[in-house]
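Here you go, one structure.
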Amino acid sequence: MWRFIHKWGSPKWFYTTTGPWLPWLWSAALILLIVGVVWGLAIAPPDRYQHDSARILYVHVPAAILAQSCFAVMAVSAIIFLVWKIKIADIAAMVMAPFGAAMTFAALFSGAVWGIPTWGTWWVWDARLTSMLIQLFIYLGVIGLRASFTSRDSGARAAAIMTLVGVVNLPIIKYSVVWWNTLHQPATFSLDKAPAMPASMWLPLLFSVLGFYLFFAAYTLTRTRNQLLKREARSRWVKEIALGTGKAS
Amino acid sequence: MSSSDHSRVSLRRAFCSVLKRELVLRFRRRQELAGPLLFFALVVVLFPLGLGPEPQRLAELAPGLLWVAALLAMLLSLDGLFRNDYDDGTLEQLMLSPHPQAPLIVAKVLAHWLVSGFALALFSPLFSAMLGLPWQQWWAVAVTLALGSATLSLVGSIAAALTLGVQRGGVLLSLLVLPLYTPVLIFGAGAAQLALQGASIAPQLALMGAMLAIALGLAPWATAAALRLTLSD
Amino acid sequence: MSSSDHSRVSLRRAFCSVLKRELVLRFRRRQELAGPLLFFALVVVLFPLGLGPEPQRLAELAPGLLWVAALLAMLLSLDGLFRNDYDDGTLEQLMLSPHPQAPLIVAKVLAHWLVSGFALALFSPLFSAMLGLPWQQWWAVAVTLALGSATLSLVGSIAAALTLGVQRGGVLLSLLVLPLYTPVLIFGAGAAQLALQGASIAPQLALMGAMLAIALGLAPWATAAALRLTLSD
Amino acid sequence: MPALLSAVGLGCERDDRVLFSALDFSLEAGQLAWIEGPNGSGKTTLLKILSGQFAEYQGQLYWQGEQLDRHARALRGDLLYLGHHSGVKAGLTALENLAWYQALAEYRAPNAEQRRWQALETVGLRGFEDVTVERLSAGQQRRVALARLHLEPRLLWILDEPFTAIDAAGVKQLERWIAQHRDSGGAVMVTTHHPLELSGSVGHIRFDGRGGHHVEL
Amino acid sequence: MPALLSAVGLGCERDDRVLFSALDFSLEAGQLAWIEGPNGSGKTTLLKILSGQFAEYQGQLYWQGEQLDRHARALRGDLLYLGHHSGVKAGLTALENLAWYQALAEYRAPNAEQRRWQALETVGLRGFEDVTVERLSAGQQRRVALARLHLEPRLLWILDEPFTAIDAAGVKQLERWIAQHRDSGGAVMVTTHHPLELSGSVGHIRFDGRGGHHVEL
């Protein structure tokens, strides 16, 4: 465990090891996204009641899922950073925050657009919608907090503490649909029940969700590597890579 | 170098000293003491002005309005929790004390709660009456406020510590803290509303007690860590 | 001792310089810029959480709730109007400038209004929509907010100046300022409510304009006097 | 020609303690007054009165022969006041701080921008012009305030402990600037607990901390 | 016996500027180190690191032979730190401020109250014990902070510009207290831009402001 974490904590090792993964990640993400979205938007049968507006599903649901997963991953990074002082975890958390905020916004926006034809209003103070809005505030808070520190390291630790505190919102979003009787759908996918949708609808959804996840991974990795180079610009291994003399190249 | 006739300062003494100092400071500046309470009163007065004065509707809204007003009053007083001490260097000195830091922070938070949340709960029947809430329900508002506001103080202290370094941190503070306050608000206002309909609120109270216990267990350490952080920035 | 090639600094240049400095300071700290707006949004979110989510009732209450939230957002940002400058001595230096003080104060207040009241009015349609207000009424809320908030900024600056000497003046400030704000709140929220019922709000707007004109005429001088007072304490 | 600044029968008490009373002096152009006294003897209070920031005093003040009203507006265009607070905004860069001061002044030099750079260079902040002031050390922040001495010519300098946090080399420089200002026809009032080592004539206003004073100008 | 406080290979940079690097020293009981250097050279930063308030450094620190963790808890009971901020609460009286400090200390003298009065007497604040600190002059406020030196014996004094705002007589006194503390087996680290006039041996840590340093203890 120790060893493992420390190996991952070494910037050089991280940089050189993850380099070859990138092309694979990106291409897998793009393929899945294209398959899922095209299938969902163009090929899947229209919903019996909602007709074509239901196709927003293929963007809305992955975005909503990602918005929460991203925060969970940020929380894990925060723990790693605080406990083992591994800078890479912090860089990852830093680049994930805007991504998560964007996903939250996308979920809110697509949901709002979807709400007009289905619910007849684009916003209600339903528990899930509200908790999602609050999730957006939490993202903004973490980003703003980090930016408000003059010293990068302090900002990083402050953001980590705040991320951990903000985790309490995740179960609230998750169970809001169960606790309060509201307009919004409960979960489609669960481990113990077969989905209620026809396969022709949930299969493209599954692809699209997986595509979003891979996109998230690829994006985070790429930006983390870039930030890592920037921060370590004066260390020897970066110079070696820049000059093309290191064994990495 | 400590001579032999010196006795160790007990943590209890340090705790009491911090608590006493906070209270003395607040009692010396009367307007600061009455602050959250006055703000609460003023906000409660604003609602009828903004929403119109129909008694029936106000009574229905009363638990929610009181809770929102209390939450804002807590929020507003939160920025002062550490900032004064930060500006004049006494916070630095508190953190340099050999005593464990979390209990001393609890003393500060306790003082804050006493003059804000606890005072609000104590006076809330007055405002319940003003908004036309039936008197059988006054206690429900008061008890939920007292329990909930303690959680608010504790959770708020983390955010107050984190935003210390920011010059006018007030707004960032609200941004950080309000999302965390929502569960307390929902359960608190919900319980008070339930009581209005004659239902038992024991489960809600138990839940709020649990939230308080968790906050008491974790928040002081998080706050101590946050303070060390901002002080070294 | 001023050499002959020196030109007199025009009041316009001084005014613009103060305005620019305020805006630069606020834009440099993003969260401060977005501050009042965010706070407004957060408070608007609190209401449905506290009062329950029925859309019909929320829409009815919307103008009043928006006005109360705006008023609180203005209030919260008011303490920062002079305090930072007071603490680091730049306010002292501003008051030592040979230019007349009232216009320079207007520049500071204008900057404050731009990032608070004006921004709130600009974004208010979004929140009107979220609370389910019919879109025909959005503009009524926005216009009354824009007009009213300028009065609030000006009147608030007097209180902000008076409470500068008090260490955590926030609460005393609210106490001083909220009573002064009530007429604006009553007319503003009232006008928006009227518009909801389809009535003309021209007379209300005229009245609010008159209040603004009076505030613009008197408040800067009162603020200057208040500042001289607190600075000499 | 009347004296620049003169006081007749000036007195002040705070918290029922007399800080000084019946203080008379007059300061001419080309003169320097070093205000001395132990802690709490009233030096800051005197400077605040003279610069029109504190109005609870007895006696009369005259600026270039005319009686000063309590707000001292007549004086402000010619005054440069530097107090215990440095008057430097932490969120702005050094250059931005100086630009603000230029706009608040009565007169403006044609090459205002160049002057800012020169002033910062003079106080040894070259390379720190574009850093926000909060990221500077205590002494560097004070130096930003001192850069104002080189921005615009002002007749009267009132400096309350200007040497605070300044290093030894900086102290020497500042002493030279003060002497130069005096020699080129300006007037200076300064307090400091640091022994002032100036060439040329130095006037004194001494407070003994028990309400007494001694003037030697 | 191991040294009280020692540093091995200490380094620190802020804003990509190296303040110091590879700094080694060890301070014994009965020694005094005067940290010198121009404005912005890193004196305050060093003192914050040594007192465990600033954790972004390279190298190791040892307190009485044991490695200090980044939070320096081991050290705090024996440390008296006085920074740029005076650490005095304006809304409390001088006596109340001292009482608070006594409760925060590790040990307590039996005659705690009497000690407070004595400490205030020593720093020349007799008659001002019951005035809230905000009504004192700049120098008097600093003196309240200095009264802490006479409250409880602490092994290590870390003083960052303790002479700020103190008058000439006060400076003499404070220099004497520092020398006494050193001679009775305590250790002192002090920064000041004011020439320190102490009897007995004075160690130096000099920063040149360009990342270099010179230690002589």
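Annotations for the structure displayed:
Note that the chains are named A, B, C, D and E in the order they appear, and that numbering of residues resets to 1 at the start of each chain.
Methods note: a residue touches a chain if its C-beta (ideal position, glycine included) is under 8 Å from a C-beta of that chain, and two chains touch if they have at least 3 such contacts.
None of these values were measured; they are calculated from a predicted model.
Counting steps between touching chains, the shortest path from chain A to chain C takes 1. The chain with its C-alpha centre at the largest distance from the centre of chain A is D.
Centroid to centroid, with C-alpha atoms defining each point, chain A and chain D lie 58 Å apart.
Between the Cα centres of chain B and chain C there is a gap of 27 Å. With centres defined as mean CA coordinates, chain E is found 30 Å away from chain D. With each centre defined as the average position of its C-alpha atoms, the distance from chain B to chain D rounds to 45 Å. Each of the following residues of chain D touches two or more other chains: 84, 90-91, 135. Chain B has residues 29, 84, 87, 166-167, 172, 175, 178, 182, 232 in contact with two or more other chains. Those residues of chain A in touch with two or more other chains are numbered 130, 134, 137, 140, 144, 148, 150-151.
Only residues 121-126, 130, 133-134, 137, 140, 144, 147-148 of chain A touch chain C when the two sit together in their complex. By the touch rule above, chain C contacts chain D in their complex via residues 1-3, 5-9, 13-14, 16-18, 21, 24-25, 28-29, 84-85, 87-90, 92-99, 104, 228, 231-232. For chain C in complex with chain A, the touching residues are 29-31, 38, 41-42, 45, 48-49, 53, 55, 58, 129-130, 132.
Within the complex, the chain B residues that touch chain A are 155, 158-159, 162-163, 165-166, 169, 172, 175-176, 178-180, 182-183, 222, 225-226, 229-230, 232-233.
Within the complex formed with chain C, the chain D residues making contact are 48, 51-56, 71, 73, 76-79, 81, 83-92, 96, 99-110, 132, 152-155, 185-186.
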